[in-house]
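A, B, C and D are the chain letters, set down in written order, and residue numbers restart from 1 in every chain.
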Amino acid sequence: MGLQIDQRNMIARRAAREILPGMTVNLGIGIPELVADFLPSEWNVMFHSVNGILGVGPFPVQGEENAHLSNAGGTPVTLHSGASFFDSSIAYGMVRSGRVDVAFLGALQVSQRGDLANWIVPGKRVYGIGGGPELARYAKKVIVLMSHLNERNEPKILRECELPLSAKSCVDMIITERAVMKVTKQGLCLTEVMYPYSLEEVVTKTGAPLMISEYLQMVD
Amino acid sequence: MGLQIDQRNMIARRAAREILPGMTVNLGIGIPELVADFLPSEWNVMFHSVNGILGVGPFPVQGEENAHLSNAGGTPVTLHSGASFFDSSIAYGMVRSGRVDVAFLGALQVSQRGDLANWIVPGKRVYGIGGGPELARYAKKVIVLMSHLNERNEPKILRECELPLSAKSCVDMIITERAVMKVTKQGLCLTEVMYPYSLEEVVTKTGAPLMISEYLQMVD
Amino acid sequence: MVSKLISIEEAVDQIRDGIRLMVGGFGGIGTPVSLIDRILQKGMQDLTLIGNDAGFADQGVGRLISHERVKRLLTTHIGSNPDAGRQMMEGKLEVLFYPQGILAEKIRAGGVGLPAILVEPDVGIGPSQQEQLVRYAGKNYVIEPALTADVGIVYAKQADTYGNLIYEKAARNINPLVAMAGKITIAEVEEILPAGELNPEHIVTPGIFVNYIVRTSGGMGEWGFRSISET
Amino acid sequence: MVSKLISIEEAVDQIRDGIRLMVGGFGGIGTPVSLIDRILQKGMQDLTLIGNDAGFADQGVGRLISHERVKRLLTTHIGSNPDAGRQMMEGKLEVLFYPQGILAEKIRAGGVGLPAILVEPDVGIGPSQQEQLVRYAGKNYVIEPALTADVGIVYAKQADTYGNLIYEKAARNINPLVAMAGKITIAEVEEILPAGELNPEHIVTPGIFVNYIVRTSGGMGEWGFRSISET
C-alpha cells in the first residue's frame, strides 16, 4: 500500500532472484505481476496464471493488448513460446498436484510462522479468498511480496495475524521494500536489509521478533 | 451368440426404430454397432462412443479406415458433421449427467426385472465390467440387443440372472432375433414376435414369465 | 440438423426470477455480456449467482450485483466490485466464498454428474462452511457438493449450429466448466458456423452440453482492462 | 528451452521392476507401442499396470500381460485378451475391475491432486472392492481413491519440445488423463516441433505434465482393427 513504483519494482527485481531457469512460477495480483520483467526470456521460466494460461509472456506495448488475453489480475499480457490455454480446473490441477515451483503472493499480513492473511479486512473491505489458499498450500515455495507497512504505517509482519487467515504456516519467504526474511521453524530470520533503510528501522517496523542471519546483507 | 449376420441386422433394424431424430445414442459392442446403418443420415442422430467421440458416422469403405478412428469396440468408423473428440472422462460425464437418450447394450443374460449380466462367465470367460454399468444406470433408456438363446440353446432371458450382475433393474427393453419385450414393473411384456418364430416358440424359449401385450404384433 | 441458434430474447426467456444462474468469465474476460445486459433489461431478480468473481460494478457480471438482482453469490473473489462487499456487510447479499480451484472442481463435478468432491480442510473453506467432514485414509476431508445451475451462460469465440464451442485465449477460464453444469446452457458466441465446419479436434465444449446459441452483440471493445486489486 | 526429447532407451530407464505403470490407449488405439516394446525387451516385471483394458495378447499393452510381466492389473475390460482372463483364473494375475467412467475419473483425480472421488454404489464396483462408504445428503457413496502412477506412458500425434501434446481422433481417449497422473510422464509422439509451433488453443495436454518425449518407432500400421468382443 502506498509504495512508489520504483519500490514495487525493487521488490519484484529481488523476487526474480529466487527463480531458476525452466521453473514454473505463479505470479499473484499486485507487485508479483511485475516479477516477470526482471527475468531474461531465454531462461524460459513458464509463468502460470490461474485463469488458464501456462507460459505468460511480457506485458504488451500499449495499443497491442488483446481483449481476451490477460493474467488472473486482469492485466493484459502476451505469450511465451510453448504457452497453452486450458480451463481453470486444469490450472488448479497443476497447482494441487505440486507442479508449481514458486508462487509469489501479495498479503495484508504475515505472521512469524508464515500464516497468510489476504482476503478480508472485517468491517472495511472484503477481497475474497481467491486462489491464494491453494497456491499457498500446494506450491513448492511460497514468497510474499508486499509493503512492509500498511496505510497507517503499522507493521504487516506480526507475531500473530490480526486479520482472518487465508492459509496457515505456508509462507517460506517475505520480500518488502525494507527487507528480506525467511520463515524458519524458529521464527523469522532477517537476511537482507534494503537501502536506504537501517537494520534498526527494519527491526522497529516489524511486529515480530527477527533473528538476524549471520550472513545478513545490507543491499544497496 | 451364433446368430447369422442377417439375424443380427434384423435386430439392429428393429432397434433403430426406437430412435428419434436428433437423439444422442450410445451403441455398445456387438450387435448394437450395426444400428447406425439403419438410420437416415439426415436424422442427425448423434452417436456417442465412450472412447471419446460424439458424432460417430457410418463404417468406412474398405481401404479407407483411419488407424486412429474407431468406436469403443475397435471397429473403424467415420464422423458425422458436428462431431467432436474428447477424453473418456468427458465421454462418461455426458453419460453420468443424463445426456445420453438411449443406450443399446449386448448382454449375456437379462432378468425379468431388467437386471443385466454381461461381464463374466465364472470359471470360463471374463470380459470385464467395461462401461456397461454406467450406461445402464444413467442413460435415459436402456435397450438390450442380443441373441434369444446362448450357445447351448438355453434362454438368456430369465427370472433371475445366474451370472454375476453388471447392473440391477436397468433394462427398459429387450430385442432379440425372436421377439421384442418391454420390462415393466409387473414383469416382461411381449410386444412383438419375429418371423419365422411362433408365439409358442418365443414363450418356450424364454426363461421368465411373459405377459402378452394386447397389441402383440407378429412381424414379417 | 436443427440449429440451436435463437434470438437473445428467446434465450433470456429461459431465465426467471429466483433461479440459480451460473456465469462464465474471470475478472471480466470471457463473460457473456450481451446475455447479462438483456437479463438486466428484463428486470430479473432474486438470482442465486455462481461465478468466479463479482466482476466490476459497471461491467459484466458485476452489474447484476450492483443493480441488486442477486440475493446469493457463490464465488471466490469480490475485491474488484466494492458494491458486492458493501451489500454483503449490509446483509443484503449472502456471499459464500470458495477457493478458486475448488469452485472450478465443484462446477466440473456438477457438469459430469459426480455428487461431490473431497477437499483438504486447510485450503480456504471456512469452518462454518464445512458442511460434512469425512475421515479417509488417515486424514480429514471436507465433502464439497457438486454445483449445478438452472441456467448456465457462457461466452465463446466460435460455435457451430450443433452447439460445439471453441473459446479464445484467456476467455476460456471457467466457461467450459459452466457449459457442462447447467440444466440449460446458453452460449453467447461471436462467430456461428454450420455444423461440420469446426475441426473436431479443436472443439473444447461438445455441443451435447449446449442447448442454445445466441449471437453476441459485443461489448468487449468498450471495456479495456482493469487490474482486479493492488495489494 | 531445454528439450524434453530423449531416446527411447533413456526413457525406459525410468521404468523399473515392480513400479505402478499407467498406460494410455483404448482397445489398442492410442497405445504407446514403442515404449511397451522396449519395456518388454528390457525384461521389466512385477508391474502394477493401470489402463483402460487388457488390449490384445499380441498387440499393445496386452503383450505385457501375455508375457507375464504384470502381477496386478487395474482396468475395466479384458475380454479382448484371453491370456488376462486365464492368468486371472489361475491366480497369477490379480485383476481389479472398475467401471470405465469411474476409472477415468480416478485417474483424472490423481492428475489434478484430488484425494478421491465419490461414486454411487450401484455402477459396477463390486461390494468387495468398496473400501469405504460414506453417507452424504441422504445417500450412500463409495469413496474411490484417486489413482497415480510412478510412470505414466501416453501416445500423442504431436508434441513440442516443452512437452505440449496434441492427440489424434479416438487415440485421445484416456491419454490426456494418464498424462497428468504420473509422477513421471513419458509421451511417445509421431511429430515433434520446436516450442511455440503448436497453436496454444489446440494443445490438449500442457507440457508441465510431461517430463519426457520420445519419438515413436510406429507400429500402428501393422495392427489393423479388431473388434473387442462379440456378444
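Convention: contacts are C-beta pairs under 8 Å (C-beta built on N, C-alpha and C of every residue); 3 or more make two chains touch, one makes a residue touch a chain.
A quick note: this is a predicted structure, and the numbers were derived from the prediction, not measured.
Colleague: I need the common contact partners of chain B and chain D, sorted by label.
Modeller: Intersection of chain B and chain D contact lists gives C.
Colleague: From the centre of chain B, which chain's CA centre is farthest?
Modeller: It is A.
Colleague: Weigh A-C against B-C on C-beta contact pairs and write down the one with more.
Modeller: Looking at A-C and B-C side by side, A-C shows more C-beta contacts.
Colleague: So, what's the distance in Å between the C-alpha centres of chain C and chain A?
Modeller: 28
Colleague: Need the CA-centroid distance for the pair chain A / chain D, whole Å please.
Modeller: Inter-chain centre distance comes to 37 Å.
Colleague: Quick one: report the Å distance separating chain A from chain B, using the average Cα coordinate of each chain.
Modeller: Taking the mean C-alpha position of each chain, the two centres sit 57 Å apart.
Colleague: Indicate the residues of chain C shared as contacts by at least two other chains.
Modeller: Residues 105, 112, 114, 120, 167-169, 200-201 of chain C touch two or more partner chains.
Colleague: Using the touch definition from the top, which residues of chain B touch two or more other chains?
Modeller: Touching at least two other chains: 85-86, 89, 92-93, 95-96, 138.
Colleague: Let me make sure I understand the interfaces: which chain pairs count as touching?
Modeller: A-C, A-D, B-C, B-D, C-D
Colleague: So in the complex, the part of chain B that touches chain C is made up of which residues?
Modeller: 22, 24, 44, 46, 48, 54-55, 79, 81-86, 89-90, 92-99, 138
Colleague: Where on chain B does chain D make contact in their complex?
Modeller: Residues 1, 29-31, 33, 49-53, 65-76, 85-89, 91-93, 95-96, 106-108, 118-119, 123, 125-134, 137-138, 146, 166-168.
Colleague: Would you mind writing out the residues of chain D in touch with chain B in their complex?
Modeller: Per the stated touch rule, the residues are 26-30, 52-54, 75-80, 82, 84-85, 88-89, 95, 97-102, 104-105, 107-108, 120, 122-124, 157, 167-177, 204, 220-221, 223, 225-231.
Colleague: What part of chain C is in contact with chain B in the complex they form?
Modeller: Its residues touching chain B are 1-2, 111-114, 160-162, 164, 180, 194-196, 198, 200-201, 203, 206-209.
Colleague: Can you list the chain D residues touching chain C in their complex?
Modeller: Against chain C, the touching part of chain D is residues 105, 112, 114-120, 132, 134, 136-137, 139, 141, 143, 145, 166-169, 200-202.
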